[in-house]
Every structure is written in structure tokens, then in C-alpha cells.
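In what follows, chain A forms one complex with chain B and a second complex with chain C.
Right after this comes the complex of A and B.
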């Protein structure tokens, strides 16, 4: 019973991390920019929704507005930060440092504008839970699991079966060729970051509803998501999402057999072993990039 | 002629020297986390200090002298606290400093010893504060004092087998060590323990593991995220009754924590008039725990200062400390505090969450 419950909790956590992972992966595989500030957008969207709910906004509207705000912040980040830096010849390392700077700014803006404290949504329904046999699942966990699966499926379908998705994949595949064929990679990059940011807002809000919001801990979430992306195979959305679930389940189940303080170490230890055995990741993608 | 005038002036200066050495106003320092994650607590503490100063000045000051406080921001960080401490001592020469947070108080304790400045800690409870400096006065009992009362109560009234969830930081580790020590001393057994990280918000796996060990009760020592843990406890069927110390107060008010116990340092309210004046001055609905404790601690400092001045002494760290230990008992509606050592002895209450109230189950005075 204990193991089953830990497994289910791990799967749900993995779904949330999986969305962070695929949204990060989508942008990274397309642009090659190590967008650490993704963690800041995750945090910002959660606090924005919390603030709007506090003002009396219905939750669905608050979630939609938080997604919209994340889309705008993501778009502006590409237009006002990454693009000028790239045009001035900044190296990937400089872009990453700039991204870390933006993350710090976003976290502090959240702490100053909203609250530096751990906060919870004032939504009575978030305490509802249901038992399926010996398994207990909170309503936010159930919503998070279902929405994460839908988002994953949606992004895969978008990427493979829409004109916009194919354009993005073309740019990711060969930027120079895309420029020649007037696909306008700069515009595509901004669109991809807007899409990625909108997607990451969903777990940013829902994990906050399920647990609580904290301005400074999203970097660990992103780190786990990046590990899943690498282990899953860079550029493979399925690999990133699947490995997120695997790693989260390992983290959850490890608590049953060792002190909880070692659970993060168990995840990263597994990653090191895995990547030693299969350096290209779980699913090899033709859009692979070196880190 | 000039020579004799000079001699007269020198004689006058010598005869007046005590008066010149004694400043006209009494200056206190307060080193609080006024910005950063702990700012909400720091601002409440600041209000308590300021209110005590304002009340003293409204009553004519201390021995006719006005009182002033200089606030500085520690941000809850030891490095910032050391800088602020040096600023206060070097620039303002304050003889006494009111502080907050274990890490901050521990960082400035060696400096207090070297500079002979009295440091008053009204809220931090890490056991190390008891012996950190001869110039550190704690107006609140330490974690171990609460743990000794709680362990005795638990073995008598709840059960002999416990599991511990503790925060993997100073306060949580102290809480675990102290409770384990006292609980085992009275015949209890710790069958499981699990650390959680500071600021963590997902406790599900930890809670499941602890519940699966089937202890009679769980001792929880965390300082943040109580509400989140309480929510997640609610998802686990038949989670054992849990107990905690003063830090556990935010567990109160959740359906999942009904029946839980906590210790609390007995901390009352001032009289109705004073309470109303506080609320009016700061526009608050209540005078919170930290405001009350800092108000009371500031009054203890002022009473010590009054005693020093009444005996013709000068205000300094050693004289103020001697006065506190000499007065020994400070009674107020907020607390009855006795200083046998530099750490206050105060009654500890056992409270149980019963619906909308925290019911007083018993009161005990911990041993020194």
C-alpha cells in the first residue's frame, strides 16, 4: 500500500516536472539557449494566479491570465534580452549568465510584489481528495496529472501536425537553411519562448494550488527537469516527459527505503549511472544539441 | 591670569565629568530582520520595541531621560548582523542591543563578549544561545526546556513509541535532539525519524513513511510550511496524533490537526488600555506574539536601566546585565520571568487543538 501510494505520488509529481522539462526542452532544442529564467516564469505565473485568486478572480480565469502573462514575459524575454545579446555576438555562456540574472530578478520581483513567504491559494476545493481503493489523490493532484498529460499530447501534436510546429522544427533542425528559406528564425524563437512559457505556467500554478508557492525553490524543479531532458534525449519531448516521471517515481519510492534527505541524491545518482550507460539519452533525436 | 582661568575651567570640567560622561538620552539598539523573507516577523518585533519606547517616553522617560532606539536591519543573516552590530557600537556606542533569530544572535555573541555589550534575545530558542556569551540574556526559554515538558507529558498521556519529523536546520535538529533525549530519559522509544528541508512544500512521501511505521504519536519540529504539511496530513487516513513546540502554532485551525498538542511559552496580553493603544498606533487587529515578547523584553531593559541610574551607575553592558540578574524577577501581564541564569525561566503550557480553540491542558515550569 505504501509503495503504491508513493508510486502514484511520484507519477503525479513527474507529470508536473515533465511539463517543465518538455517546455524547457522545446525552447532549448530550437534555440540552443540555456534558458534558466524558465524557473522564474514558473514562479511568477504561480504567484500571479495566487494574487488574482486573492482578489476574487475565479480560478479558471486566474489560470488563463497567468498563462497569458507568462506568454508575454516569455516573448519579451526573447525580444528584449536574448535577441539583442545574440545580435551583439554573445556566446551561449553569456546568454546563460544573462538568463540566471533574469531568474534572480524575477524571483526578487515576486518576493517584493507578492510575498517572500510561503503562501497558499485560498481555494477550499484544493483540500478535496478522493480515495481509489488504497490510493488517495487530492483534487489538485488529479487536475495536475490530467492537464499535464493533455499538454504533453497537445505539444507533441502541435509540433508534428501543424504548420507552425513544423516551422519550429525546421528552424531547430537547421537555422541557416531556415533563414535562407525565409522562415525568420528570430521571430520563431520568440514564438517558441512564448509557447514554452505559457506551458510552464500550468504546473507553476497547479503545483502551487496542490502544495504551496515559494519564491526561491523553482530552480531545483528546473534542475530535475533539465536532468530529465538530458536523460530522455535532448529534443525528444517523449523522452523528457517519460524520464521526468521515472526520476520523480525513483525520488518518491526511495523515501521508503532510505532517509528522505537522500532522495534527491538518489535521483541524481540514477541520472549519472544512466548517462554513463547511454550518453545520448533514452530517445535519440536528430535535433540533439550539446550542452 | 590666563593660566588661572585655564585651571578654573579644568577644575570645572573635572567636577562636571560624571554629568558629561552620562548622555542625556538613553539609547538602545535593535537588530532585527526588517527586509528579506523574515521581514514580516521583524516588523512585528520592531513594533513591540517601538511601542515600549513610546510608552516609556509618554510616561516621562527613564529617570527623567528620554529613551531612543536605533533600529538596524540584519535581514536575518549573520554576516549582515555582524556589520550592523559594529555600526551600532562604533558609531552610537549603544550599551544594549535587542536581537532576533538564533543564527544572528550566535554570530554577534562573541562580539558582545569582546565589546561588553548586553544582547537581549526575546524570541530565538536554539539551545546554544544559553552558553553563547555571558553578555547574552534570553528572555524566552530554549527548545530543550519545552522539549523536557513535552516529553514528560507525551509519555504520561499519549504513548511510549514515537516517530520524529524534523527540519534539517538548526532549530529542527535541536528540536529532534532535545525531544529524543528527554523522551528516552523517561522511557520512550523513537521508532522512526525523517528530516525535511527548510522551505519544502511536498511532504507526502515523508508523511506516508512515518504513518506506515505506526507510532503512538509523531513529534514534528519544523519552522515553515505548517499549513502545507497539515493539508497533506489530511490526505492520509489515520495519521497519528502529533505534537510540537511553540513553532507548531500554525498547525492550529486545520481539520487534519484537530486533537494535536503543542507546547507554548506562556505569553499573555498587556492590559486593555495598553493593547488598545498598540492597535491604534500600528493599525493592527491584534498584538501578536512577537510584538508582545519584544515589548516585554524592552521593558525589562528599561527597568534595568532605571535601576542602574537610580544607584548612580553608568549605563553599560556589564551594569545592565548585573541589574537584570539582580532584579531577577520581572512580572507583567505578558509574562512572569525569573532569571536564575542568563536564560529566563518561564512556565510552559501544553495546548490541545479542539475545534476552534487551543485548549490549555496543563502548565509546567521546566527545570533549569
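Right after this comes the complex of A and C.
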């Protein structure tokens, strides 16, 4: 029974990491920018929602506003940071360092504006549980799981079955050609970062509701998400989402067989094994880009 | 009205003069072939017209508007599109999607509409798919709509490049060596394709080496040599010119 509970906990937190992973991967595969500041947007959206809930905003409205704020911050990041840098000929390394800088700024802005301490949402329902047979699932976990699956399916559908999604894939496939057809890569990049940021706000808020918010821990979440992206095959949303769940389940189950402090090591150990055995990732990527 | 006017364009790469004070104009609905030996400046003139290189001096005007410094996709929006010697395609996308993403944008195609008005977006996509499929049929790739562009044969990729260019709705279409490397059958298909484009009223500018094909497709020929525009005239006049023949085919052997 314990294993089943740990498995379900792992799946839910895997869904959250999966959303971080696919949103990061979507931007990375399209632009080649290693957008570390994604973790900052994740943190910022959580604290924004927490602050609004504290002011008496209904949770659904706070979530929606946090998503909206993340969309705006993402869009501005592309327009005011990455785009000017790229236009002045910055290398991918320079862009990544700029991104790390932005992450630091966002984390500290959160700490200054809101709180440098661990905070919890003041929502009575966050502790309510539903029992499905022998498994207990908290309400935030249930919402997180359902929304994550919806977002994952939505992004895959958008990417493959809308003209806008196909354009983004076209830009990812051949940026130079995109520039000389009707596609405007710079506009597409800003759209992609806006979409990715809006998506990552969902786990940013809901993981905060389920557990707690901390300004400086989101980098570990992003790291796990990036590991899942690489192991899943860069450019494959399904691979990234699937691997996120696998890694989170391993982390969760490892608690049953080894001390908790080793659980992160279990994840990265799995990753090293995986990358040795299947370096091209779970789902062989059709994108030419790779780390 | 003149469609494209190139005036006094000069471009150097280091010590090499790629284009030296070139001036010419092209009337709408005409097919003009650009010929000349290797290194004559044929691709350079394409690059100047499509915005891949900016000339040091001189101007390029399209439909009366100066586009010398316009960026590449602005030129596409104004109706200039090109293919490349080394084929450029979205290799990870299907043939249909390659064409579809180049079609004119229309309302209802942005991510927000996709989220909040999915049925509208789906309707737009259906319309665009039909439009793209019609273009594929036009270039003779109607049976390859779902194949990945990267998996097509060389000749099919060349045809797909043309469909991609047509999808942009361009009036001025530049084809860089459309028949090179094609086997006899595919070559005839390509020539037929070019005639079809002429019938549709496109203005064509084509780099072409094969003089027989030039005679089959061209209304006019621009002859380049070492960055100079040596002559502009009808295909027969250019091919009959002995001096140009010597330059093109080497000394002493006039075809």
C-alpha cells in the first residue's frame, strides 16, 4: 500500500515537473536559448498567486492572474533581454549567462517584494483529501494532476494541429528559411516564451499550494525538468513529459528503500545510466538541435 | 510599369568585385534568365534582390518602392520569394506543412485565438490545408502530402521548394538553378512547371546554365561576367553573340 501511495505521489509530482519540462523544452527546441530564468518565472507566479490570495482574491482568479503575469514577464524577457542580445550577436553561452542573471533578479525580487521565507497559501481546502480506495490524494494534488495532463495534451494538440503551432515547429526546424518565408522568427520566439511562461505558472502556483513556496529552490525543479527533457529526447514533448513522471516516481519510491536524502541522487543516478545506454533520449528527436 | 529595377549596384567581398555597377530592370510577367560563367555574380544579384546581402552602392526598387535596405521577410511580404541552389526546406515537417506555414497569415491564427476559439482556428486550418494541398497538386506532389520533407527525393524537394515559394503569394519569383541535378524526366516536369508559372502571370528571374533550357523558358536574358552585366537581350540574340559565347564556353570553342 505504501508503494502504491508513493507511486501516486510520484506521478503527481512528475506531472508538475513534466509541465516545467515541456514548457522549457518548447522554448529551447524553438530558439536554442537555455532559458534558466524559467525557474524564476515559476517562482514568481507562485508568490504572486500567494500574495493575491492573501489579499482575498478567489483562488481561481489568483491562478488566472498569475498565469497572465507570467505570460507578460515571458514576453518581455524575449523582447527586452534575449532579442536585443541576439541582435547584437550574442552566443548561446552569453544568452544563458544573461538568463542566470535574470533568474537571480527574479528570485531576489520575489524575496524582497513578498518574503524570503517559506510561505504557505492560506487556503482551507489545501489540506482536504479525497481517498480513492487505499490512496489518499490531496485536493491540490488532484487539481495539479488533472491540469497538468490537460496542459500537456493541449500543447501537443496546439503544436501539431494548429497553423500557429506548425509555424512554431517550422521556425524550430529551420530558422534561416523561416526568416525568408512569411514567418517572422522574432515574433514567434516571443510568442513561444509567452506560452511557455503561462504554462509553467500552473505548477508554479499549484505545487506551492500543495506544499509551500520558497524563493530559491525552483532551480532544482528546473534541473530535474531539464534532465527529463534530455533523457526524453530534446524536442519531444511526450518524451519530456513521460521521463519527468518516470524520474519523479523513482525519486518518490526511493524513499521506501533508502534514506530520503538520497532521493535526488537516485534521480541523477538514473539519468546517468539512461544517458549512457540511450544517448539520443527516450524518443528519438527529429529536431536537429541538441545540447 | 516596371516591376523590379536594379540601379548601379556594386558589391565587393574583400578584393573581389562580386557586382560592379549593375543596372537593369525587369517588366512584370516576363521570364528573365540570368546566365554567365561561375563566379559571374549570378547568385550575388539574387542575394541583393532578396536581402541576403546589402550592396555598397546602388539601389533596388520593387514596384516603385526602394527596398535596398528592407529586411528579408519584409521583401517576402511585398511579394518577392526565392529558392536556393542548396535546397532549403523545413525537413522535420510534412510536405503539406512546409507549404502551409508559408501561406499568407489570416486572423484567427494566433495562439490566443487557438486557445479561446478552437473551432474557428480549426476552420482556418482546414481552409489552409486545402490551399496548401492544391499547391502541392499544382507542382505534382499531390501524392506526397504527408511525407516528411526530409524524406523526399531530390527532384521532389525541388518541386516542393517551388510550392513553398508559391505559397507566399509572391509576384516576383527567383529560382536559383531550378533544373540543375535533375534527370531528364524531372527536368521536363520542372520546365513545364516554369511555363505554368508564366501562364499564371508570375514575374520570374531564373539562374540557368543550360542554354537549351534558357531558350525554352526565357523571354529575356541577363549575361553576367566577373560582376559586370555584359548584355541584356532576347535568348537568341545572346546565344548568337560570339563574344559572349567565347566567355561562356571558353576561348576558341563557340558552342
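Heads up, the rule we're going with is that the second predicted complex is superposed on the first by the 290 of 291 C-alpha atoms of A that agree within 3 Å, B and C clash if a C-alpha of one lies under 4 Å from a C-alpha of the other, contacts with A are read in each partner's own complex, and residues count from 1 in each chain.
Everything that follows uses one rule, which is that contacts are C-beta pairs under 8 Å (C-beta built on N, C-alpha and C of every residue); 3 or more make two chains touch, one makes a residue touch a chain.
Here the structure is a predicted model, which means the values were calculated and not measured.
Once the two complexes are laid over each other on the shared chain, residue contacts for A:260 go to chain B alone; chain C is not touched. With both structures placed on the common chain, the touch criterion links A:179 to chain C but leaves chain B unconnected.
Using the contact criterion defined above for the overlaid structures, shared-chain residue A:136 touches chain B, although it does not reach chain C. Look at A:9: by the touch rule set out above, it reaches chain B but stays clear of chain C. Of the two partner chains placed by the overlay, only chain C lies in contact with A:165; chain B stays clear of it.
Overlap of the chain B and chain C interfaces on chain A comprises no residues. Listed in rising order, the residues of chain B touching chain A in the complex are 36-37, 39-40, 168, 194-197, 199, 201-202, 204-206, 208-209, 212, 224-225, 227-228, 231-232, 234-237. If you check the complex, the residues on chain A that touch chain B are 2, 5-6, 9, 13, 111, 116-118, 120, 126-127, 129, 131, 136, 138, 211-214, 216-217, 251-252, 255-256, 259-261, 263. Here chain C touches chain A in the complex through residues 50-51, 72-73, 76-77, 81-82, 88-93, 97-98, 100-105, 109-111, 114-115, 121-122, 124-125, 128, 164, 167-168, going by the rule given at the top.
On the chain A side of its complex with chain C, the touching residues are 154, 158, 161-167, 169-170, 172-174, 176-184, 191, 194-195, 286-288.
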